[in-house]
C-alpha cells in the first residue's frame, strides 16, 4: 500500500486514473509487439529500450540531484567490457553470462564509488563535475583504443582495440538464451522494472533529499544531511544503471568498441534527458526511446540530411520547450483535464 | 548560573589572502541566552558566522559546542550535535511545498528531537501560522513567512542552539516585532539563540547581551543598555551608520 | 651544438603545444569562461573561420587579411546566433548545451552538404629553419607570438576599454549593471560575438596546419574545454594562460620521452588531477599569488 | 527454356580462350579453368529451377554523414555507377579461372611464396618494358567494360538499398540486421573502418549472409561468409618497404595510428623490414585524437631515420603532413593508406606530401587506358566528385564481380553464389586484373608504387602485376574445407612473435 502510494507520488509525470490506464495500454502494446512486428523490429525496439536505464540514471543524477555528468557512457563501457571478459571466459558453463552481468554491475559500482569519492568528498564544485567526468571518459576511450595488441588479452578474451571486442555471448539463464523476441522481453521487463524502482525511489524520502540537494546544497547540509554521502549514493546508482544499459547493449549486439565511450556518445544521453525534461523520469524514458527511433529512421533512409534534421529538432524543442518537450506536453491544460495542477517541482538551478 | 557555555570560541582567527577577517575572537554564549552580534559592515560578522557554521575552516583557534570541540567538523556534524542555522538570504526550498520543506528538515534528526524540542517546534509552527498552509509551494509565501518557515525548519531538527544571520532582513516593523516575540517565547522554552544583526531596534527587543565586532575583533560586550551607552561603540557603529 | 638544438627543440615544442591549447581555447574562454554558456558549437565556429580563411585565400586575398575577415564574419554570425537563439538561454546552461549541440550538428553536416567532404588546404606560410638536427616551422613561432598577442589584446580590452568595464560589470552582476545604465543586452551580444569571432580567427590561424573538412572542429573541442576548465573561473584569461602553459609543460617532456600516446594520457591525467586538487582552477591560485605580491 | 547461360559466359565457354584476354601470372595455370567450368554447368542447371523474381537487392551500408563520410560518399557513388552499368547490360571482363589455384581442393592451403633477400631483385616489367618468359607478363586492355547480354542480373533489375551508418557502430549493427532480416538482401557490401566490419560480422555470420568487405585493411579475416576484396598488409608493406630500403637506406621509423590497423601494419613493417635488408629503428603510436605533431616531429628528427612509415588515419592525423613539411622535415615517406584513400596530395598544398611512397593497388591517377575510361565514366555520372579512391574502385569491381558470380550460379541463392565465388575468379578491374583466391576469400592485386613529387604529381616507377594475399594461406586457412569465422592477428604467427619479443626487450 505504501509502495503504491510512492509509485503515485508527485515527483514524476502522471497520477490520474486516465494516466495509469494509458500507461498500462502502452505497456500492453509493447508486450504485444511480437504480434505485429517482425523479430527484426523487435530487436530494434530492444535497442531503443536498453538505453533507457542509462537515461533514467542520468535523470536522477542531474534532473533530481543537480549533478551533470558527461561520463555516464564510461560506466556503460566498463560494464560492457567487464561482461565481455567474464562471460567470454566462462563459456564452458551456462551461468557465465549471469556472473558476467553481476560482475559488470559491481565493477561499475566500484569504479563509480572511487571516482565519486574523490569528486564529492573533495567537494569539487558543481560545474566542474561534467568536465571531470568527460575527461575520465576520454581517458578510458584513449586507453581502450590502443588495446589492439595480443598482450591485451584477459584469459581467452581479446580487448581488441578500436576494432572492439567481438563474440560477446548473449545473456543466458540455465540453457535458455535470450535472443530475438526473448531478448526483447528481457530488455522490456528490465526497463520497466528500473523505471518503477526509480520512480519509487524519487518519490520516497531519498528523492526528496535529492531535490533538496539540487535546490540548495548548503541548506541541506545545515539541516544535518551529509550531502556528500547522498551525492555519492546517487552517483553510484546512476553508474550502475548506465552499466545495466551497457550490459544489455553487449548482450544485444554481442560487440562493443571504444568509440562507444567517445565524445559523441557521451553527449547523447545528456541530449535525451534534456529534450524529455530532466526532472521527470517518464519524460526522459519517452524521449530516449523516441530520439533513438528518429535517429535510426533517418539513417535508415540513407538521408544525408539526418544530422541537420536532428539538430534542427533539438533547436526547436529547446527554443519552445526549454523544460523538455515531453514535460511541456504533459503539463498542457488539456480541455478534458480537471484543473488540479500538481505542485510541480520546477527548476531554478537550471 | 555557572554552566558550560552553549557555544563558545577561543582565539578564533581567519585570514583571506592578506586580510584578517576574524582576529582572535573569544566568544562565549551561555545556555538559555539570547546573544546578538553587531558591528558595522566589514567588521567580520559574516566571517564569524561562517566559521561557526562550518562553511569556512579557521586558520587558528577553537570552536566549542556544548563544551565539545567542533572546530574541524563539517557543518552537518555540528547540526547533528544540536546547532541550528539560518542564513542572510532565505534558503528554504522555494520549489517544494511547506510540508516537504518541514519533512526534509525533520526526517534527518528525528531521533535526537526530545520532547522539549518537539514542543518548541510545534509551538513555532503555530505562532508562525504555517500549520494551515502545508500544501502550498514555499515560493508562494510572503517574504516574512518564508523567513519564518526557515526558522521552523531549523527547529524541526531539535537544536539546542540556533544561529540566525539577520533573520528579520526585509521585514516590516510589525513583522520584525512578531518575530522577536516568537524568538523570546522559544527562548523561554529553553532555546539558546545567537543572532547576527544589523537592526538595532530588533536587538533592543530581544538581546540579553550584545557583542560588538570591529575590524575582526570583539570591541565591546554587555547588555543592550551598556552597549548603547558606550561612547566608542556609538562612534564606530551607530555614529557612522 | 646538438644540445643547443635539443634545447631549442624542447622550447619550441613547449611553445607550440601551449599555443595550440591557447588557440583552441581562446574563443571558449570568452563564451564559457565569462558568459557561462557551455558552447558545444565552439569547434564548428572554428571550422567556419578556417573555411572562410581557406576560401578567400584561394581567391588570392593575403592570409593575414583572411584571418581578419574570418574574425569579422564569424563574429557577425555569432552576433546573429546570439540574437536569435542564445539569448534565450542565459542562466539556463542546460538549454544552451542542447541548443549549441544542435547548432553544431547543423553547421557540421550543412558544411558537408554544401562544400563536400574536403577542401584543399592553404599552404603554411613561411618556411622553416634548422638548428642542429632539428628544424622548426617559422609559422608556428609566429603562432606562438600571435596567441600571446591575442590573449594580451583580450586582457587589454577587458581592463582598459569602456566595453571591457561594462562587460565585466555585466558578467558579475547583470542586474546591478543594468541599474547603472549598462545596456546588458548589448553587452551579452557583443561578448558572444567577440568569443565567436576569436574562435573564427583562431580557426583561420590554425587552418594551414590542419586538414579542412566539415568535422575538423571536433579536434579542438576537448582541448579547449580542458584548458578553460583547468584554468578556472576566478580569472579566465589568467587561467587560460596558466593552464595552457602547465598542460604543455606536462605533455611536452612526457611526449618527447615516451611518445604521443603516453603524452596524451599524461595530459588528460594532469587535467583530472588539477581539477581535483584545485577545484577553483589554476587562475584562483595565480590570482591569489599575484594579489599577495601586490599586498606585500 | 532450361538454362539461360548469359551471353558473356557463353562466349567464354565456347572459345575457352577467355584466358588470353586476361592478365596471366605464370604458375597459376589456365588449365584449371577447364576443370572448373563443367562443375558449374551442373550447378547452374539444378538451381535455375528455383523461381526468383523481383529485383536483386544489394544491401550497402556506408557513412554518408559523420567522421568517415569522406570515404562513404565515394563508395556510394561507386556502387551506384556499378549498378547503373549492370542494369544497362554491361559487365567487366573476366571469368572463373578455376578453383584449383592455390590448393583449394586440398585440406589446407598451399604454402605461400616465400620472400627472401634474393626475392627483392624480382624482375618486373613496366607498361612499356620488355617481356620475356622469366618475367611477369602484363598486357593492357583499352577498356574492360563489355556487354554482358543480361540487363540487370539474370534479367532482374538490380536495386541498391543504402542506409547511412553515420559513422556510429551501434547504428551499423541495427542497419545490418535490417538489411539482412527485413529486406532480405541478396548480398551485403559494407564497411569502411575495421571496427564497422567487426561490428556487423557476428550478425552476418549468424544469418550466413554473403558479405563483401571492400576496403584496404590490416588483414587476417578468415570468415566463410565474408569476401575481402581490398589489399592487405603483405601486399603493400613488403613491396613498399623493399623499395624504400633499396632507394633510401635501411633505417625506417614508423608512426602509426594507435589502433588495430596502425598497430598491426606496424607489426608487419617491423617483422618484414629485416627480410628486405631494412630495420625499424623507432616506432610511435599516436592516439586518433592527436592533431598537433611538434613532439612527434622532434622525435623523428632525434632518431634520424632514412625514411618514415606513416600509417596515419583520420582527419586529425592527416595534419601531420602539412605540419611536418612546414617544420622542414623532408624525409621520404612510405605508407599503405595515405594518398590512395584520403587523397591528401589533392587536399594539402604542395609540398606537404612530397616524397610520399605508397604501394597501392589503385588510385585515380593509375596511368592506364582502362582506368582513364573508368574515370571518365565516373565523372560523367558524378561531375562534382573530387577524387576516386582505392576503396571506391574496390566497391565498383566487387559489385560487378558479384553480378558475374550470380550469372554463373544461375541463382541469387547465397550459398550457391558463395560456391560460385569460390571458383577462383579473375576480374578485370580498373586497377588491372584481380584474382579472388577461393581458400582465403582474399584477392591477389596488381600493386603499383605511387610516388608523390614536390608538386604533388603522382608517378608510378615500379609495379608488381600480381601479389597474393598469402598470409592466411601461410596460416593454413582454407575456408572451403574448414569454414571459420575469426580474424587472425600477427601475434598468432610464431614468425611475428619473434619480432614482438624483440620489441618488448627494447622498451
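Going in written order, the chains are labelled A, B, C and D, and every chain counts its residues from 1.
Keep this in mind: a residue touches a chain if its C-beta (ideal position, glycine included) is under 8 Å from a C-beta of that chain, and two chains touch if they have at least 3 such contacts.
Predicted model only: the values in this text are computed from it and were never measured.
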| task | Trace the shortest sequence of touching chains from subunit B to subunit D and report its length in steps. | result | 2
| query | Which chain's C-alpha centroid is most distant from that of subunit D? | reply | B
| field | Centroid spacing, where centroids are CA-atom means, of subunit C and subunit D in whole angstrom | value | 41
| request: Provide the C-alpha centroid distance between subunit B and subunit C, rounded to the nearest whole angstrom. | output: 47
| field | Distance between the centres, which are taken as Cα means, of subunit C and subunit A, whole angstrom | value | 33
| Touching two or more other chains - residues of subunit D | 65-66, 258, 285, 287, 289
| said: If a residue has to touch 2 or more other chains to count, which residues of subunit A qualify? | reply: 138, 142, 146, 304, 306-307
| query | Do you know which subunit C residues sit against two or more other chains? | reply | 109, 112, 218, 222, 261, 264
| Taking the complex as given, what residues does subunit A use to touch subunit C? | 68, 118-119, 122-125, 127-128, 130-132, 134-136, 138-139, 142-143, 146, 263, 267, 270-271, 274-275, 278, 304-308, 310-315, 317-319, 322, 350
| said: Which stretch or stretches of subunit D touch subunit C in the complex? | reply: 65-67, 69-70, 73, 258, 284-287, 289-292, 294-296, 298-299, 301-302, 304, 315-316, 318-319, 322-323, 325-329, 343-344, 346-350, 352, 384, 386
| message | Under the stated contact criterion, what part of subunit A meets subunit B in this complex? | response | 205, 208-209, 211-212, 215-216, 218-227, 343, 345-348
| query | Quick one: in the complex, what on subunit D touches subunit A? | reply | 64-66, 162-166, 168-171, 173-175, 177-178, 181-182, 193-195, 198-199, 201-202, 258-261, 263-264, 285, 287-289, 487, 489, 491-492, 500
| request: Please give the residue numbers of subunit B that touch subunit A in the complex, ascending. | output: 53, 55, 74-76, 79-80, 85, 87, 91-97, 100, 103-105, 107-109, 135, 137, 153-154, 157
